[in-house]
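There are two complexes below, and they share subunit A, which is joined by subunit B in the first and by subunit C in the second.
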Partner chain A sequence: MQELVKRAKELLADGTVTRVLGWKKGDLAYNPEPAFFENEEALSEFVYDSFCGANLSKYMIEASKKEGKTLVFLKPCDTYSFNQLLKEHRVLREKAYIVGVGCAGKISAEKMKEAGISGILEVEGADALNPSETLKVKTLYGDKEVSYKDVMLERCHVCKGKDHMIYDEIIGESRDTLDGDRMEKVREIEAMSPEEKFAFFQSELSRCIRCNACRNVCPACSCRKCVFDSTKFDSAQKANVDSFEEKMFHVIRAFHVAGRCTDCGECSRVCPQNIPLHLFNRKLISDMNEFYGEYQAGADAETKGPLTAFTQDDIEPSEARERG
Partner chain B sequence: MQRIGVFVCHCGSNIAATVDVKRVVETVKKEQGVVHAEDYPYMCSEAGQALIAAAIKEKNLGGIVVCSCSPRMHEATFRKAAERAGLNPYMVEIANIREHCSWIHKDMEEATEKAVILARAAIAKVHLNSHLQPGESLVTKRALVIGGGIAGIQTALDIAEAGYEVDIVEKTPSIGGRMSQLDKTFPTLDCSACILTPKMVDAAAHEKINLYTYSEVESVSGFVGNFSVDIRKKARFVDMNKCTGCGLCQEKCPSKKAKSEFNRGLNTRSAIYTPFAQAIPNVPVIDTESCVKMKTGKCGLCEKVCQAGAIDYSQKDEIITEKYGAIVVATGFDTINLDQYGEYAYNESPDVITSLELERVMNAAGPTKGHLERLSDGKAPKEIVFIQCVGSRCDDHRGKPYCSKICCMYTAKHAMLIRDKYPDVNVTVFYIDVRTPGKNFDEFYRRAVEEYGVNYIKGQVGKVVPQPDGSLLVQGSDLLDGKQIKMRADMVVLATAIEPEAGVRKIATMLTASIDTNNFLTEAHPKLRPVESPTAGVFLSGVCQGPKDIPETVSQAGAAAVKVIGLLAKDKLLTNPCTAESDTLLCNGCSVCQNVCPYGAIGYEDKEVNDHGIRETRRVAVVNSALCQGCGACTVACPSGAMDLKGFSNRQILAEVDAICR
Partner chain C sequence: MKKISKENLTKLFAAICEEASLILPLKNNGMTNFALWSEGDEVDLDTLKTVKSAKDAFFPQSETLYNCHREDGKLKISPGERMDENFVVFGVRACDKRGFEVLDNVFLSDPVDSFYKARREHGTVVALACHAPEETCFCSTFGIDSAEPGADVDTWFVEGDLYWKANTEKGEKLTARLSDLLSDADEKAVEEEKENIRSIMKKLPYAGITTEGWGGEAEKEKFDSPLWEELYKPCLACGTCTFVCPTCQCYDIKDYSTGEGVQRYRCWDSCMYSDFTMMAHGNNRTSQMQRYRQRFMHKLVYYPANYGGMFSCVGCGRCVDKCPTGLNIVKVIKAFSKKEDK
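Up next, the complex of A and B:
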C-alpha cells in the first residue's frame, strides 16, 4: 500500500496528475470507500486492503470533466469496466493516468457474517497485495480466525484473470483466485421449470428495497438520466403500480446493460439485501456467448458488442426462439 | 385529447364473416375520445373514403382509426383520403383486423374481441400522434443491375432504352450467366448462344449501359433514389483498354490445369482465360491461384507474347463508388451441391452427371465438342437414364421443398435431342410428376414421348450402383405397374434442384432486402408487386426471386425495368417523416445508436447544453433525417431512451401495449 501512496505523491508532485482517485479508510475496519485525494496531505487517509472491492472506473466519468489528469487505481477486473466506458465515450483516456494495482481477491464483511463472524473490530492479514491464508479477526465477541478463501467475494472465485486490460503502469502482483465455474448457478436456474424460476426470483427480488445502490454503482448504468428517474417514459410509474415492482426494475436494468456488462459483480457486492443480482447479467452473457460467440465486454475499447454489431453469422430470431 | 373517428371495414366477407363489425363499432364508441364510429362493406372504395372525409369535416375529427386490412395494403389510400378532407395524413392509424385477425381466426367471439383490442390499441396510439410533414429528396437518375445473366442484361437493356444510365455488376469475367452455358432452349430448340449473344453485344455496345465485369458489390448505403454503392473491381491483371482479345496469351499459357468453371469442371482451362469464346468483354483475366508467375514469380509468358502490352501483373483490386436511384437484383441461380445424395453415385462415377453438365457435353464448344460420350471412357452410351426431382420437392434437410420448375422441360428437351441425334440410344426418364404448364410446353413433352419414343417411368430411383464393367445399375420403382425395376445404364443424368446463387444472402443483407428460408428474395407482394422488394428502390429480376425459365425471366426482367423507369422518371421523392430524433438532454453520446444504424444516419456533435442550469459541452447523437429510414433500431438500442421515432414514439408504442393489456 505504501508503494501506491509513494507513487501517487510522485505523480502529484511532478504535475502528471492533479488528483488521485482511490479508496480511503471508512468508519469501520471493513468499509473503505472510494475517494478523490486532491493533495499529498489528503493521501494520509488512503487505504488499499482486501476490503477495497469498489470498482473506481465509474468515478472517472465525473473526473473526465475536471481540469487535469486523474490518477486512478484499477484492479484487473476494474479495467474491463474502464474500457467499456471508454468505448461508450463516457470517460476520456487522456484524462486518466491508470495505475493497475495487483489484486489477491477481495473479501467482504457480508461473507464474514455468513462464516459466523460479526461485530468486527479489527482484521489482521487483509493486506491487499499479500494477504495471509488465515485472517485473524478481533470482534466484540472475542478473537476469531477464518480462512481468507472462505470470505472471498463470489466474483473472485470466478475471477476473469490477473491481467490489466488497460493501464499506464502496474504496481503489485495479482494472485490466481479462480476455483469456480461462473455459469454454474445460471445453468442450475435454467434447468428450473418456469414456475420454479419465477418463485426463485420472486423470493430473491422481493427483498429489494429499491435503494438503487446496484444501479448507482454499476459502471454500465451510466446514463445521465435513468429511465426510472424520468417522467418521459412512464417506466417508473408503471413499476410503481405493479405488485411485483422489483422485477420490472431489475429485469429492465439487466436488459439495458446487456452486451455492455463486464460482470464486475459490483451490483451484488453493494446490495444491502444480498440479492444475487449478477445472475441476471450472467444469464444474458451466457445466452449472448452462445448466440453470437464468446465475447467479454471491456476486453478492449474498440470491438463492437454482440448486440450492436451485425454479422452474417448472427443467429436467426426463429432459431433463438426455438432454443429458448 | 383528440376527437377520434373509427371506421370499421367489412372487406366484403373477409372481415365481416369472422368479426362482428357492428359490435366492434358499438364497443369502440365507448373509448375515450371516440366521437364517431361506423362500419362499411368496402372502406377503401370511393364511397367508403367519402364516408371518412364527410365524418372528418362534420365531426371535426382530429384523428382517425381505420379497422381494415394491413397498412401495407391501404394505409396510403386512407392517408390520402384524410389529407383531401383537410386532416394531416399522419393522424391516421390502421388497426389490421384482417391479416392479424379475421383471416387467422375461426371463432367469431374470439375474433371480435381481438378486433376490439386492436382498435383500442390504434385509438390509444392516435391520441399521441402528431402532425408530421414529409420532406423531399432528389432522385439519382442511374440504375444498378447486380448480375449479368439474361435477367440482368434484359433489365439493363430495357432501362437503357428508356434513356437512363445503367451499370451492370457481374462477378465473373463475362456477362451471359447460366444461359450462356445452355446448348438448346425449350420449347423451340433454338440454340441458346444464337439468341443470347446478340443481346450481350447489344448491352456492351449500348451507350447508356456500363459493364463492370469481374466485379462485386462491396457495400450499399443510402435509400431509394439515393443509393451509394461501393463496387470492387477485381484485378484482371489485363488492361481492358489495351487488350485486343487475340487469345494468344491463353494459347501460350503453360498452366492449363485449372478446372473450367464455364464447363462445370468437366475439362480444364489456362490460368489466363476468358470463360468462353463469345465472352463479353473479350478480355481475359488471370486466375492467381493457377498462374505460375503469381505463385513462383517465374514465367511471365503471357506478358512476353502479348503484342498489345496489356498484361499487368501489378494490378490491384479497385473500389469505385457510384450513386444510383434504383437497384435491381438479378443474381440468378446455381445447382445444389449433391454431396448429400450418395445414393446417386454422383461423386463416385464420372458417368453420373447433372443436367447442366449434360448441356456442356452436348454443346459444340463443350468438353466433348458436342459428342455424346461417357466422360469415364469416351465411349458412346447406349442406355441413358434421367432422374427427375433430385433435391427438388424434397421433404428432408438434404434438398429443397420447392419445385425447381425448369427440370421437366429441359429433361424432355435432352431426351428428345438425344433420340433425334442418336436414334440407337435408349432414353428412360424416372419422374414423380411431369409438369408442363406453359405455352407449347405440354405439346413439347408429348412429342418427346410420342414421336421420339422416350420411355417415361413414374417412380423414383433409390440407388445408382457403379458396376465393375463400368456400367451403372439403376434401381428404381415403377409406381404405375407396382414393380421394382433394375436396369443397366451407361449414363445417368440428374435433374438437380436449383437454388439462388450463393452470394445472394450477402447482397440481400447489404440492401436490407428480405429473403425467404430458401434464400429466394421476397417480393413486396406475391401477386400484386412481384418484381419489387419490400425495400423501396430495390427490384427483383429472374431466378433470385423464384425458379423460372427463360421466357418468364425475360418478362420479369422487363417488368422490373418498368418499375425502375417509373422511379427514375421522378425528379423528387417524398421522404418519410417518421424519422428518429435524439433528445440532447438524455443522450449519453455512447455511440450505440450509431453502431446499430443500418443507414449510417447517425453522427455525433459536441453541443453546448443547458441541463437544468448545468451548462456543459456534451457529445450527443444527431440524426440526419434525409438518411434515416425510420426503422427504429436506434430507439430500442438506446439505453437512456434518448432516441425516439416520430410517429412511432416509445410512448405511443407503450400506449398501444397498455391498451392491449387493459
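Up next, the complex of A and C:
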C-alpha cells in the first residue's frame, strides 16, 4: 500500500496528475470508501486492502469532466469496465493516468457476517496483495478465525484473470483466486422447468426494495437519465406496484447492458438484499457467446460488441423462437 | 414477568394468529426481513438486524390510496382499505420501536394520516431485547436502551426461555389472551441479561458518538458547511440508506394506469433520487451534494427543530451496514466533530 501512496505523491508532485482517485480508510475495520484525494496531505487517509472491492472506473465519468488528469487505481477486473466506458465515449483516456493495482481477491463484511462472525472490531490479514489464508478477527464476542476464501466475493471465485486490460503502469502482483465455473449456476437454471425458473426468480426478486443500488453502481448503466427515473412515462418507479414490475426492472436492465456488461459483479456486491443479480447478466453473456462467438466486454476499447456489429452470419430471430 | 420455552414458540405464534395476524422476522434465501407469518415459515429471531426495518408494518413501502374506474358509464372512485384487523409485530428491536415514535410525530399530528393511524391502532408491538449488539449499533447515542425497549410487550431470550413482560394496556390484553402458554417467572434472569447488554453497549466502537452541536439551532451553520462538498462525493445516489432506515418517512404519490382505470398509490421516496420533491417549476435541489446534505440535515437538524429536539436517527446502524460505498450518518457526525476540534 505504501508503494501506491508513494507513487501517487510523485505523480502529484511532478504535475502528471492533479488528483488521485482511490479508497479512503473507513471508520470500522471494513468500510473504506471511494475517494478523490486533491493533495499530498489528504493521502494520509489512503487505504488499499482486501475490503477495497469498489470498482472506481465509473467515477471516471465525473473525473473526465474536470481540469487535469486523474490518477485512478484499477484492479484487473475494473479495467474491463474502464475500457467499456472508453468504448462508449463516457470517459476520456487522456484524462486518466491508470495505475493497475494487484489484487488477491476481495472480501466483504457481509460475507463475514454470513460466515457467522458478528461484532467485528479488527481484521488481521486482509492485506490487498498478500492476504493471510486465515483471517484473524477480533470481535465483541471473542477472537474468531475464518478462511479468506470463504469470505471472498462471489466474483473473485470466478475471476477473469490477473491481467490489466488497460494501464499506464502496474504496481503489485495479482494472485489466482479462480476456483469456480461462472456458468455453473446459469446451466443449473437453464435445466429447470419454466415453473421452477419462475419460482426461483420470484423468490429472489421478491426481496428487491427498488433502491437502485445495482443500477447506480453499474459501470454499464451510465445513461444521464434512466428511463426508470423519468417522470414523463409510467415507467418511473420507486416501488413495485405488483410483482410483475419488480421483474420488469431487472430484466430490462439486464437486456440494456447485454453485450456491454463485463461481469464485474458490482451489482451483486452492493445489493442490500443479496439478490444474485449477476445471474441475469451471465445468462445473456452465455447466450451471446453461443450465438456470436466468445466475447468479453471491455477486453479492449475498440472491438465492436456482438449486438452493435451486424454480420451476415448473425443468428436469425426465428432461432430464438425455436429454442423457446 | 412471564416466560415460555423456546420450543413452544411456534405454539405461541399459532395462538397469536387465532385472533390477529403476525408479522415477524422471516428468513428468505439467507436474508431476514419482517413478513407475515404462517406455519412452516423459517422464523429468525437470532439475526439482530433485519435488512429493512420493521417500519413496513405501519408504513408499507407502497399502498393504494384509491382506485378510479368506469362503471355503467360513470366514474367510480373507491378508497384504499384502512387496516381493520388486529395484528402483532413480534421481535422488534429497541431502535425500530423508537423509529415508530419518530413516525408517529409526523403521521399522527395534524393532518392525521388515516392509513397510518389505522395500523397503529390495530397493531401491538412485541419488542425483543438485543442479546448481542453489533459493532454498527449506536442507539445509546439517542438515549435508547436496547436492554429494555419499552414496547407494548418487551421480551428477552435467556438460555432456553423467552421472558415476557407487558408494559401497556395492549400488551396486557395480548398477554391475557396467551396466558395458557405463558408461565410465571421471576425477574432475576432478565435483570442479569439487561446488565449484560448494557455492558456490551458501552464497549461498542460507536459508544462515544454524540449529537452535540446538532439540533434545530444549528441549521445555518451546518447547512453552510463546506464539509458536505467533501462528504457526498462517493455517494451513488441510490436509495439504500433511506429504504433500510426505520425513520425515513418521505413518500411520493403516483398514478398507475391499470388499463381500465387509475390506481393512485403512495410509495416511499428517497431524498437521494433526482425527482425527489420535483415540482411544476422544477427541483429545488439540483445536485447530489444538496440531496446528500438534505438527508442528514433532516435527521439531525430539521426534525429536531420540528419535534421538540427529538432526532430522527435511532442508531440502528443499517446505513452503516448497507451503504454500497461505505458512507453513513456516523461518518457525517464524526467529520463535523473532527472539524470542530480543529
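Keep this in mind: the second predicted complex is superposed on the first by the 313 of 324 C-alpha atoms of A that agree within 3 Å, B and C clash if a C-alpha of one lies under 4 Å from a C-alpha of the other, contacts with A are read in each partner's own complex, and residues count from 1 in each chain.
Here, a contact is a pair of C-beta atoms (placed from the backbone, for glycine too) under 8 Å apart; a residue touches a chain by one contact, two chains touch by 3 or more.
Computed from a prediction, not measured in an experiment: that's the story for all the values here.
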item	value
Clash-or-fit label for the pair subunit B, subunit C on subunit A	fit
Partner chain in contact with A:Thr308 - subunit B first, subunit C second, else both or neither	first
Which of subunit B and subunit C A:Glu88 touches, first, second, both or neither	first
Contacts of A:Lys232 with subunit B and subunit C, given as first, second, both or neither	first
Contacts of A:Gln273 with subunit B and subunit C, given as first, second, both or neither	second
Partner chain in contact with A:Ala191 - subunit B first, subunit C second, else both or neither	neither
Partner chain in contact with A:Asn31 - subunit B first, subunit C second, else both or neither	second
Apex subunit A: angle to the C-alpha centres of subunit B and subunit C, given in degrees as a multiple of 10	120
Greater subunit A contact set [subunit C / subunit B]	C
Partner chain(s) touched by A:Lys65 [first = subunit B, second = subunit C, both, neither]	first
Minimal inter-chain CA distance - subunit C and subunit B, angstrom	5
Common interface positions of subunit A, toward subunit B and toward subunit C	225, 234
Complex interface listing, subunit A residues touching subunit B	65, 87-90, 222-227, 230, 232-234, 256-257, 260, 304-305, 307-310, 312
Contact set on subunit A toward subunit C in their complex	26-28, 31-36, 54, 59, 109, 114, 118-121, 139-141, 203-204, 206-207, 209-213, 215-217, 225, 229, 231, 234, 236, 238-241, 269-270, 272-274
Touch list for subunit C against partner subunit A, complex	28-31, 33, 48, 51-52, 61-62, 132-136, 200, 203-205, 233-234, 236-240, 242-244, 252, 254, 256-257, 263, 265, 267-270, 273-275, 278, 320-328, 330-331, 334
Footprint of subunit A on subunit B - complex, ascending	505-506, 509, 583, 585-592, 595-596, 598, 604, 611, 616, 619, 637, 639-641, 650-651, 654
